[in-house]
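Just so it is clear, A, B, C, D, E and F label the chains in written order, and each chain counts residues from 1 on its own.
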Amino acid sequence: MNTPVVVRQVEQPPAGAVATLEKCGVTTVHEAQGRCGLLAPYLRPIYPGAAIAGSAITVTLPPGDNLMIHVAVEVCGPGNILVVSPTSACSDGYFGELLATSLRAHGVRGLVIDAGCRDVRSLTEMKFPVWSRAVSPQGTVKATLGSVNVPIVCAGALVEAGDVIVADDDGVVVVRRALAEEVAVAAEQRVQTENLTRERLARGELGLDIYDIRQKIAQLGLKYL
Amino acid sequence: MNTPVVVRQVEQPPAGAVATLEKCGVTTVHEAQGRCGLLAPYLRPIYPGAAIAGSAITVTLPPGDNLMIHVAVEVCGPGNILVVSPTSACSDGYFGELLATSLRAHGVRGLVIDAGCRDVRSLTEMKFPVWSRAVSPQGTVKATLGSVNVPIVCAGALVEAGDVIVADDDGVVVVRRALAEEVAVAAEQRVQTENLTRERLARGELGLDIYDIRQKIAQLGLKYL
Amino acid sequence: MNTPVVVRQVEQPPAGAVATLEKCGVTTVHEAQGRCGLLAPYLRPIYPGAAIAGSAITVTLPPGDNLMIHVAVEVCGPGNILVVSPTSACSDGYFGELLATSLRAHGVRGLVIDAGCRDVRSLTEMKFPVWSRAVSPQGTVKATLGSVNVPIVCAGALVEAGDVIVADDDGVVVVRRALAEEVAVAAEQRVQTENLTRERLARGELGLDIYDIRQKIAQLGLKYL
Amino acid sequence: MNTPVVVRQVEQPPAGAVATLEKCGVTTVHEAQGRCGLLAPYLRPIYPGAAIAGSAITVTLPPGDNLMIHVAVEVCGPGNILVVSPTSACSDGYFGELLATSLRAHGVRGLVIDAGCRDVRSLTEMKFPVWSRAVSPQGTVKATLGSVNVPIVCAGALVEAGDVIVADDDGVVVVRRALAEEVAVAAEQRVQTENLTRERLARGELGLDIYDIRQKIAQLGLKYL
Amino acid sequence: MNTPVVVRQVEQPPAGAVATLEKCGVTTVHEAQGRCGLLAPYLRPIYPGAAIAGSAITVTLPPGDNLMIHVAVEVCGPGNILVVSPTSACSDGYFGELLATSLRAHGVRGLVIDAGCRDVRSLTEMKFPVWSRAVSPQGTVKATLGSVNVPIVCAGALVEAGDVIVADDDGVVVVRRALAEEVAVAAEQRVQTENLTRERLARGELGLDIYDIRQKIAQLGLKYL
Amino acid sequence: MNTPVVVRQVEQPPAGAVATLEKCGVTTVHEAQGRCGLLAPYLRPIYPGAAIAGSAITVTLPPGDNLMIHVAVEVCGPGNILVVSPTSACSDGYFGELLATSLRAHGVRGLVIDAGCRDVRSLTEMKFPVWSRAVSPQGTVKATLGSVNVPIVCAGALVEAGDVIVADDDGVVVVRRALAEEVAVAAEQRVQTENLTRERLARGELGLDIYDIRQKIAQLGLKYL
């Protein structure tokens, strides 16, 4: 049943694929893997312009209690992204500038949390990116256990330790570790296709023609007046 | 009954009135026409500082399906603003940087959408303004028809093709085409009145005196302790 | 029972304590007074970077009616922060650039409102900070009374005239006037403690050790795999 | 522009069509007219089992102010349904048992309101049906004008005086007056078709076969494992 | 500052006034005391038909932790209503049938909680009324202190121990203990006035005449077409 | 990557465990398995009193498109519960009385859907229970594929085909198939323990004593005044 554990060892995704996914960005990656893996759009970055990818360290913990984030720091390492989800909806400020300092000291690239964070001015100044559902000064206690590196649901998406998290101004998407290379290839191809499409659209060509939609809308019965 | 159509010809509002409405801004225009025509405040600009006005091209379409935006591009032209509303609440990313490239190639000034958009970083860099209810990488399909340039309700307001849309950091307001000139005149007058009021307030005069409210609050029975 | 009044005289909090609380910021102050007094996190600043503290002037008023804000200006003075709460949930734009001009002429430092504000671009340019639950051009009438400087609940927190309001990018917190000095001392101590903790965390020490949590999580039964 | 008016004369929809639409119910009517005209699903009946149709009397009014409902009663008559929408979002209790008593005395069949109502126990006992977005004891003032029998947007749908409102446990839909007979015929046909489909489904036949979907899903590429 | 305490002794409101307030109901009481004291309308009864009044026992506690409800039971007695508010928004099921059994054994009449409850079927069968913001099976821990019988804000309203809570199908209102008798008298008068008004409205008289509004709307400029 | 599939064969959970879990109810099962597996509390039953358990058939599908529910019926059988989740938030009425007739003909016990349903009066009369996030007459199209019996996230919880779904007035919980027997045993034990506790509480004993909390709250520093 449900007992609190910390899984120390996490298999890492291939670094090259992670770099490609970061470069391609959330929207392209999401399309490239068949429109799945999206975390709910209520997760927003605390400042614009951040764009990262990394291997997930997962944390499940109670509402209003950040004890397990402190536990998780010890198993984090370079290139990780911390992904935190409370067991019931909570907007409290689980995370601030001190924890960011600690995570950065261990090489962590950012935080995705289905709850609140605080110290957003300091986090912005130190360029530690956070995607959260709220900003709230409301502190948390350190009283009750949860788990680290077990599969969690964060903002409506299943995330397993070692999955690739991609996060930017559009939101957050998760790519299964085993699919990271395949999705990275598909994402790069998509970028190239879009480059060609963009040029044609910029010249005034219509999507109706580029995507070959005219016949379809006629068959569906669209009338022009 | 409700059959999918595209209306090609849209009567345009007078260009001078549109320019005046853009200059006066949403809040002033909303007041000038008697506090009506506001789109719900959950529509927010994806970046600060944009301020536009233009003639509406309207699109109604299903949740999770942007086929009709591609259809609409063909009937857009210089000075238009695309106004899109799904038939039921949806936060999906119907619109991104490729569609913006296409719209810009046809002279469209911006987008108002009662749903989500994506590629916000690119849209910000290319300065294509969007007012949306969400940012979401969630893509859409191209499977089902809707209509273009029929009257729609967008974010709680009735919008007809050729109405003037005014959008800035405060939100979005619609002005009926036939009233555009009358509202533009009223808005300019309001700006002048406010300039005078601002000077008096800046000198420390009280709204209680400028608006002549003292007698009213006494009659209503306000007590000072 | 509930009759409309304006209380003219408000006892002010000690200026030194207010300055200290402003410097320490919302999150630290909230922790320092024992995690209470927070206004709900749906109140957000209209632009980033503002950070103020001041003595509250309170206003309770009806939905869609800003008559009492005009009444309140007369009893405002240097160092005040206006705190406004409607008697039922409302997102209308009670407040804009003209009222900000008036408040500034009387020395008021900012506004906290559990409703909407408008003219956000002008307010940003004039650096008049507002924390609100919405941005909305929807205007209000001046028809019905409320009260000024009576105790109110704003965004879920009790605020009395003369309490200290602290507001920054993290949100808004209220400190009882009588506790301002005590909380200011505690907040400064907390800043110093955090400075030491930050250094240790930056060197890679773990919160598990700094906060001495290892024994506790072992007792609670956490298992490492 | 926007000036307060009361339109006394409203053309009524054909009584036979209204009776048919009431019998067919909201979901069937909505389908029969091509999936349009739905009011947002946050409008809920205050008690289960009510199912009515009638000709709309429309009211637009300010937040927190029910003056115009009192004005509207005078122009209501037998078979009408009152449709009320505030100019900005408001959950106040605009309507209770006294107003219901008054409306019933004039033959009105029910209320649809994009705001709150109160006295729900009395309304339930007297079987006066209300579809509202909230139940709230919060009273309203009688200070500011609005309009009666002008086109309004209520819960996201355009409603004009004399349109047919159909409301039941599923929600609320509006049918344009001019289309009432056509939609009524289509709705009755739909009921008959559904009766046949129901029998086949009850015998265990599959929708895949009845709706002839198997070929389509094969073409779209669905794989069975 | 904010330290956890339990206040054992609470001054009780006059029993006669409580009985009158219960009989008059939430909406009438709210009007009678000048439209104040309402708890937010998102608090809903878990079953229809309950209508109680009683003296408040207040509880403030952390999100996801119901330790203090167990503490509060000991200081409850006949005629009390338990009023519970977490320090940050939480929908967890703090309360179920076992706690209701315990409260009933000590004479408590019901619960008002700005969070979730569970076991709603059992609570309905035993007719123990609860007004909550959610129904959720999510359990809570017993790890962290809060306070009992200190002033709290519950669903946006200030509640002090010994205040009168009135709750029914319309919602929940609080009456200051010191005002209970005065409000009870005003509420009874209001009931009598409404009885007369109801008779007139039932005969078809208009609110326009009964409330003498015709002159006002003419002055405000309402036009009839 | 993400391709549409239907998994025909699903391993079923042990029937005895399912029966026990149904009898124990959602809240008890949720506690018994360590407070995990809860679907978000915004899922509500369309009528009170339903209480079922069964083996999950899972469906993931696009917003506004119920094609895959029709596909899923074919792989449903006696004792199943259909669990449906759209790929992005949607309140449309995917499901009504015709589909319920079809499911019942194949032995399905109920539906859990993170979207809307309709025909609630008919569903109530035929006693086909549905837990949904909305009631909406808004119909859906049949245009785009999804998958059946792949792992899905529904209302924030991971559900795999063959997992046990337990649903009643409190909400919905999922129990992993492999843990069903273990959790059933724990749930029954919990029921027995609660029976003893209930008797003691009914006699007036305090939870403080039964759960042995007094020492803990003293250690934590609670003060009685």
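Simple rule for what comes next: contacts are C-beta pairs under 8 Å (C-beta built on N, C-alpha and C of every residue); 3 or more make two chains touch, one makes a residue touch a chain.
Computed from a predicted structure; not experimentally measured.
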Among the other chains, which touch chain B and chain C together?
-> A, D
So which has more C-beta pairs touching, B-F or A-B?
-> A-B
Chain C and chain D have mean C-alpha positions lying a whole-number Å distance apart equal to 42
Chain B to chain D, mean C-alpha position gap in Å, rounds to 27
Sequence positions of chain E contacting 2 or more other chains | 3, 35, 38, 87-89, 91, 136, 138, 144
Every chain pair meeting the contact rule = A-B, A-C, A-E, A-F, B-C, B-D, B-F, C-D, C-E, D-E, D-F, E-F
Would you mind writing out the residues of chain A in touch with chain F in their complex?
-> 1-3, 33-36, 38, 40, 87-89, 151, 153, 156-158, 179, 182-183, 186
Listed in rising order, the residues of chain C that touch chain B in the complex are 3-8, 47, 67, 70-71, 73-74, 91, 93, 96-99, 101-102, 104-106, 116, 118-121, 124, 134-139, 142, 144-145
So in the complex, which bits of chain C are touching chain A?
-> 26-27, 30-31, 35, 38, 41, 44, 48-49, 51, 168-171, 173, 194, 197-198, 201-204, 206-208, 211, 213, 216-217, 220-225
In their shared complex, at which residues does chain E touch chain A?
-> 62-65, 87-92, 136, 138, 141, 143-144
